[in-house]
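Shared between the two complexes below is chain A, which pairs with chain B and chain C, respectively.
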Partner chain A sequence: MELFLHLAWRNLWRNKRRTIISTSSVFFAVLLALIMRSMQNGSYDYMIQSSVGLYLGYIQIHGEGYWEKRSLDQSIEVRSDKLESFTLLPNITHVVPRIEAFALLSKGLSTKIAQIVGIDPSKEDGMTGLAKRIYAGRYLQEKDTGILLGSGLAKSLGLHCGDSVVIYGQGYHGVTAAANVPVIGILKLPIPDLDNMMSYLTLKHAQWLFDATGRMTSVAFMISSQAELENTRSQLKRIAGEHMEVMTWQEMTPELVQSIQADSAGGILMLLILYIVIGFGIFGTIMMMTNERTREFGVLISVGMKRWKLITITVMETILISLLGACAGMIVGIPILWYLYLHPIPLTGEAAAAMYAYGLEPILPFSIAPGIFIAQTMIVFGLAVICAVYPLLIIRKLKPVEALRS
Partner chain B sequence: MLAGIAWKNIWRNKKRSMVILTAIALGLCGGLFATGIMVGIAESMVNTAIDYNLGHIQIHTKAFKENSLIQNSIPDAEKLIEELHSVVGLKGISGRVKIEGMASSPATNSGVEIIGVNPYAEASVTAIAEKIIDGKYLDSTGKNSVVIGKKLAEKLNLRVRSKLVLGFPGRDGSIIYGAFRITGLFETGSAIFDKSTVFVDENDITRLLGGTPIVHEIALRLVNGKAMPDVLSSLRSKYPQFVIESWKDLAPELKLTAELTNVSMLFFLAIILFGLLFGITNTMLMSVLDRVREFGMVMAIGMKRKRVFAQIFLETVFLSLVGSVIGIILGIIAINITHHTGINLSVFAEGLSLYGISSMLYPTIPLELYYELGILIIFTALGATVYPGLKATRLKPADAIRTYV
Partner chain C sequence: MKRKLLHIIVCVLLFYSFSFAQAALEIIRKADDLMRGKSSFAQITMTIIKPDWQRKMTMKAWSLEPDYSILYISEPARDKGTVTLKRGNEVWNWLPSVRKVIKIPPSMMLQSWMGSDFTNDDLVRASSIVKDYTHTLLGREVYEDYECYKIQLIPKPEAGVVWAKVIAWISVKGFLELKIDYYDEDGLLVKSFLGSIVKSFGDRRLPSHWEMIPHDNPGNKTILDYDELKFNISVNTDFFSLQNMKRVH
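And then the complex of A and B:
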């Protein structure tokens, strides 16, 4: 076997031009597949990050049945020492308690429906960067009894900082919740639906308003590593105790998961097309190599070389070529993708303007998840090895007499 | 003559040419098809929005656009609607009362947009009536009937014939409550719309509000969407006192998606063409290196280097063009077939509905893309010529003739 490998290796360098051409076709194939997949995965990560990090969090704890009903009646009591114990878990970076409910906001003759969210100002800001969104007035402080409004909401109610607004809705166990509160800040939220709907009180104030002292509807968590998501979930489940639901972002927004899957299906279709293109490129070079060597094969067979030995050597050659190309592609690909990951391609023109209007940075992000490198390199390597079937078939059917005369 | 030689040269090694031709043809056919799917998705989003909600053109008062208060209604709306019936190419017209309010069930409550319509007029503009999946559409016989989205019904834990309480601000700002009976549930394919919209009969709203009927929004549907810009500008000049907008103005998020689709489509085609570029370069390089002796010979007997380069260029172009033509024809066939039969994407229905995409997909490609693609292909061929061409023109005839491969 070692002899075969030795022969195959020498064959490769006997005709450098041929080897370099084939290796380069595998090399470019790996490079293109890497760039394509990295771009696709990068945009999914971006989608998840921007929708999950903006409000939802990667994991949330609620009372049993809350996520379906969204009623204050499913709110939970979580003592502050328990909240503290969540922060001690290894993967968790932020723990954000909230109480959420719909209510009507009115000023004068205008009334609007709004989502009232009671927040811990500093924790909320730590996770979602809410304080950065303030464009008039100031952000909430611990003891405040004022309200922050999305700018769309404020505009449609004709409200400015310092005005007061009436909140009217339903509290815990159906009690009437009503209050007259001053507007202390106006937020510019990136997504129009949120901007037209969200309003924030401090957690304490909202609990008082909804007559739900010490209660909250949800606790949202940010984590440092998505790979540890399930682990963290089960840890949280253990601490949280009975009658609580611990949900991951995938469970909370199955629509987002599906739309990523749908998009990913489209991405895989494109990847397949790319594989076809590069597969044929590799096949073309290997076919040429084989055809050029028909005479050589004829000579070897007619002097008594066993066909299976010849086949083993040529297959080894193909594998070596593919290995060289794939490794080179990966070695060159890693720094390129690393660079693109750190410096995403900025978009310009209308697409950038449209993204910016949505509060998204107008970039084309890339991913450097190790899985991409392994999967793409393996696939292209596999494609190249499949192409090795061609010389195998040729040698099996080769008629030495004809081959010698070609 | 050069062209003739180039053409014959391609077919000297049939196998090699066929492999690269297949690569080009499959790459372009696949590329076109995938692009068709992406464009189809973007169109589907636009159509969903037009069909179920926006219509082609909407008219509001300036005050209502600023602040959607109940009193900012269109004055003399009935007369205006009467006049608008004369618009050429009109398919339907619907005057709507639009109020934001709260829908409550014993289980929970949810913020909604209450749309009061004349059921018959609305059915001529939007296709809600056709998207009733349970129960039936609004009819004028029952009092206080309402149709709501299936998603909203699930959230409120209600079904057909359940009672639903709608609360909304009245003319003086006080909250009015009305009990409505659900006659039907709709599912449009847009999750956000289904979760936040309820349709009621305008007469019921008028009765609850008291006073004369009001209209906040007039939605027009045209027989042919392409006529929209003309109708829009004529309406704008005729009724300068109103804000008259097309669906493009009303739904900027559709624009975002369309733009992003264009960007990713371009990147995708660029990567495919890059793949082809390397494939073609490799093929031509092999072809040149196989013929080193031949090139040495023709140069020795006086062929200009420029003409050698031109010959290789022509070979590359022919090879690329033949492959492209086959690929584009195959792509057009694939798109045309699936455009008629549709592709069923119901596996992803829920995720797609978040973005207002229906689960049947009809791929389509704008005509100008073919020109753009054609130009890109020529550039690809040009790029693929450079290295093999230079390699050939740099040969030294004396050495080349003595090269045995």
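And then the complex of A and C:
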């Protein structure tokens, strides 16, 4: 066996140029597949992270049945030491408590329905970057009793900073919630639906308004990466206690999951096309190589070389070539992807404008999840090995007389 | 001869069904007149019962049929002074704590009123059980010791009623509405409105205890107890104005 390997290795370097051509076809294939997949996965992760980072978070805890009924009556009491204990979990980067309810906002004769969210100003800003969205007035502070409004909502009510607005709705257990509050800031929220709906109070103020001291409707969590989702969810489930529902973003926004799946299906199709191109590229070089060597094979068989030995050596050559190419591809790919991961490609033009509109940085991010390297290298390596079947078939059926004449 | 006989039978049948419908309409009309009158004043205790909490409110209600009513909340303290005014299809609220009148927008009409099992829409709609339905007398039945007419009400297509079918039990003696069942398009019982504890209010005898039971929300119930009820009081439309809603008490 060692002899075969030795022979195969020597064969490779007998014709350096040929070997280098085949190796580089595998090398470029690996590199291309790596970059493509890394870009796709990177943008899905980015899409998920930025979508859930806008409001939902990766995971939320609610009172049992809250997600369906959306009522303050399903709110929960979470003591501050419990909130603290959540932050201590590994992978959790943000813990954001909220109290959310629908209410009417009224100024003069116009009345609009709005989502009132009671927030912890600094925690909320840490997760969603809410303070950056202020475009008039200022952001909430801990002791404020004013309100922040989405710009669409403010416009439809004709409100400006410094005006006051009446909130009227139903609090905890059906009590009347009514208050006259000053507008201290106007937010430009990226999604029109949010911009026309959202208004923010401090958590304490909202709890007072809804007669729900110490209560909240949800606690949202950001985690370090999508990969830790299930793991973190089960940890939270254990800590949260009874009568709580722990939901992931997939359960809360199935629409987002679907749009990512649709996009991912397109990506996989592109990847398949790439594999086909790559496969034929490798196949082409191997076919050429085999045809070039028909005479050599003919001579060897006529002088008494066993066909199976010849086949073994040729297959080993192909494997070695693929291995060389794949390793080289990975070695070159890792620093390139690492660089792109740290310096995502900035987008310009219409795509950038669309992303800006959603409040995202217009970039094309890359992923460096180890899974990508392993999977792509294995797939390309597999393709190359499949191509090795060709010389095998040729040698099996080779007629030495014809081969010598060719 | 045979044909003539058939003719007579058909006529008799038609007459019978017609007179049944007529009888049913008459019963409903009597019951409705008894309940409403031209105008009324009531003092009501409302108890909202949810699976894990309950709440009691007292209120005063003035109404001028068919378009006007005012509800003034006198307890609990947090809600005291809140007034709901219904004028035609519109609902307005007066909030004394912020001194402001708010018109309830159409999108909020299906929201619960004061946390009860009634919606704002229930306050406004109160479609006429006389005019908006076709009535059929299904027979007689004993309900809670009262001999009752059991009447089926099917909404007229143009009435804009959300129910597909309503069944009412009205006592033979006194024409009291004792039980009303509301069904949706799928034939499911959605809610029941039950009257009991018959009392004298002035010259009328009426159920004073009403329970509204939403069957799609088990464990929930809203109870109305009439502590006082007067009919044909002297109010006119001016009483039901945006200005006056700030003054009633």
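Note that in this section the second predicted complex is superposed on the first by the 404 of 406 C-alpha atoms of A that agree within 3 Å, B and C clash if a C-alpha of one lies under 4 Å from a C-alpha of the other, contacts with A are read in each partner's own complex, and residues count from 1 in each chain.
By definition in this document, a contact is a pair of C-beta atoms (placed from the backbone, for glycine too) under 8 Å apart; a residue touches a chain by one contact, two chains touch by 3 or more.
All values reported here derive from a predicted model rather than from experimental measurement.
Participant: Once the two structures are overlaid on chain A, check if chain B and chain C clash or fit side by side.
Facilitator: After superposition on chain A, which the two structures share, chain B runs into chain C.
Participant: If you stack the two complexes on chain A, which partner ends up touching A:A179: first (chain B), second (chain C), both, or neither?
Facilitator: Once the two structures are laid over each other on A, A:A179 reaches chain C alone.
Participant: First (chain B), second (chain C), both or neither: which does A:Q170 touch?
Facilitator: Both partners, chain B and chain C.
Participant: With the two structures laid over each other on chain A, which partner does A:V401 touch: chain B (first), chain C (second), both, or neither?
Facilitator: After superposition on chain A, A:V401 lies in contact with neither partner.
Participant: Should A:M39 be classified as contacting the first partner (chain B), the second (chain C), both, or neither?
Facilitator: First partner only, chain B.
Participant: Counting only touches as set out at the top, which of chain B and chain C does A:K112 meet: first, second, both, neither?
Facilitator: After superposing on A, A:K112 lies in contact with both chain B and chain C.
Participant: Kindly classify A:I331 by the partners it touches after superposition: chain B alone (first), chain C alone (second), both, or neither?
Facilitator: Touch status of A:I331: no partner.
Participant: Where does A:I273 make contact in the superposed view: on chain B (first), on chain C (second), on both, or on neither?
Facilitator: first
Participant: Looking at A:L104, would you say it contacts chain B, chain C, both, or neither? Reply first, second, both or neither.
Facilitator: The answer is both, since A:L104 touches chain B and chain C.
Participant: For the three-chain arrangement built by superposition, which of chain B and chain C touches the greater number of chain A residues?
Facilitator: After superposition, B is the partner touching more of chain A.
Participant: Looking at chain A, which of its residues have contacts with both chain B and chain C?
Facilitator: Touching chain B and chain C on chain A: residues 104, 106, 109, 111-113, 168, 170.
Participant: So in the complex, which bits of chain B are touching chain A?
Facilitator: Checking each residue of chain B against chain A gives 15-16, 19-20, 22-23, 26-27, 30-31, 34, 37-38, 67-69, 71, 100-102, 104, 107-112, 155, 157, 167-169, 172-173, 175, 191-192, 252-253, 255-256, 259-260, 262-264, 267-268, 271-272, 274-276, 278-279, 282-283, 285-286, 289-290, 345, 348-355, 405.
Participant: In the complex of these two chains, what residues of chain A are touching chain C?
Facilitator: Counting only chain A, the residues touching chain C are 73, 104, 106, 109, 111-113, 166, 168, 170, 173-176, 178-180, 211.
Participant: Looking at the complex, which residues from chain A come into contact with chain B?
Facilitator: These residues of chain A touch chain B: 17, 21, 24-25, 28-29, 32, 35-36, 39, 43, 68-71, 102, 104, 106, 108-115, 155-156, 158, 168, 170, 192-193, 197, 254-262, 265-266, 269-270, 272-274, 276-278, 280-281, 283-285, 287-288, 291-292, 347, 350-351, 354-355, 357-358, 364.
Participant: Inside the complex, what are the residues of chain C that reach chain A?
Facilitator: Those residues of chain C that touch chain A are 48, 50, 52-53, 55, 76, 78-79, 82, 93, 95, 97-98, 100, 102-105, 107-108, 111-112, 114-116.
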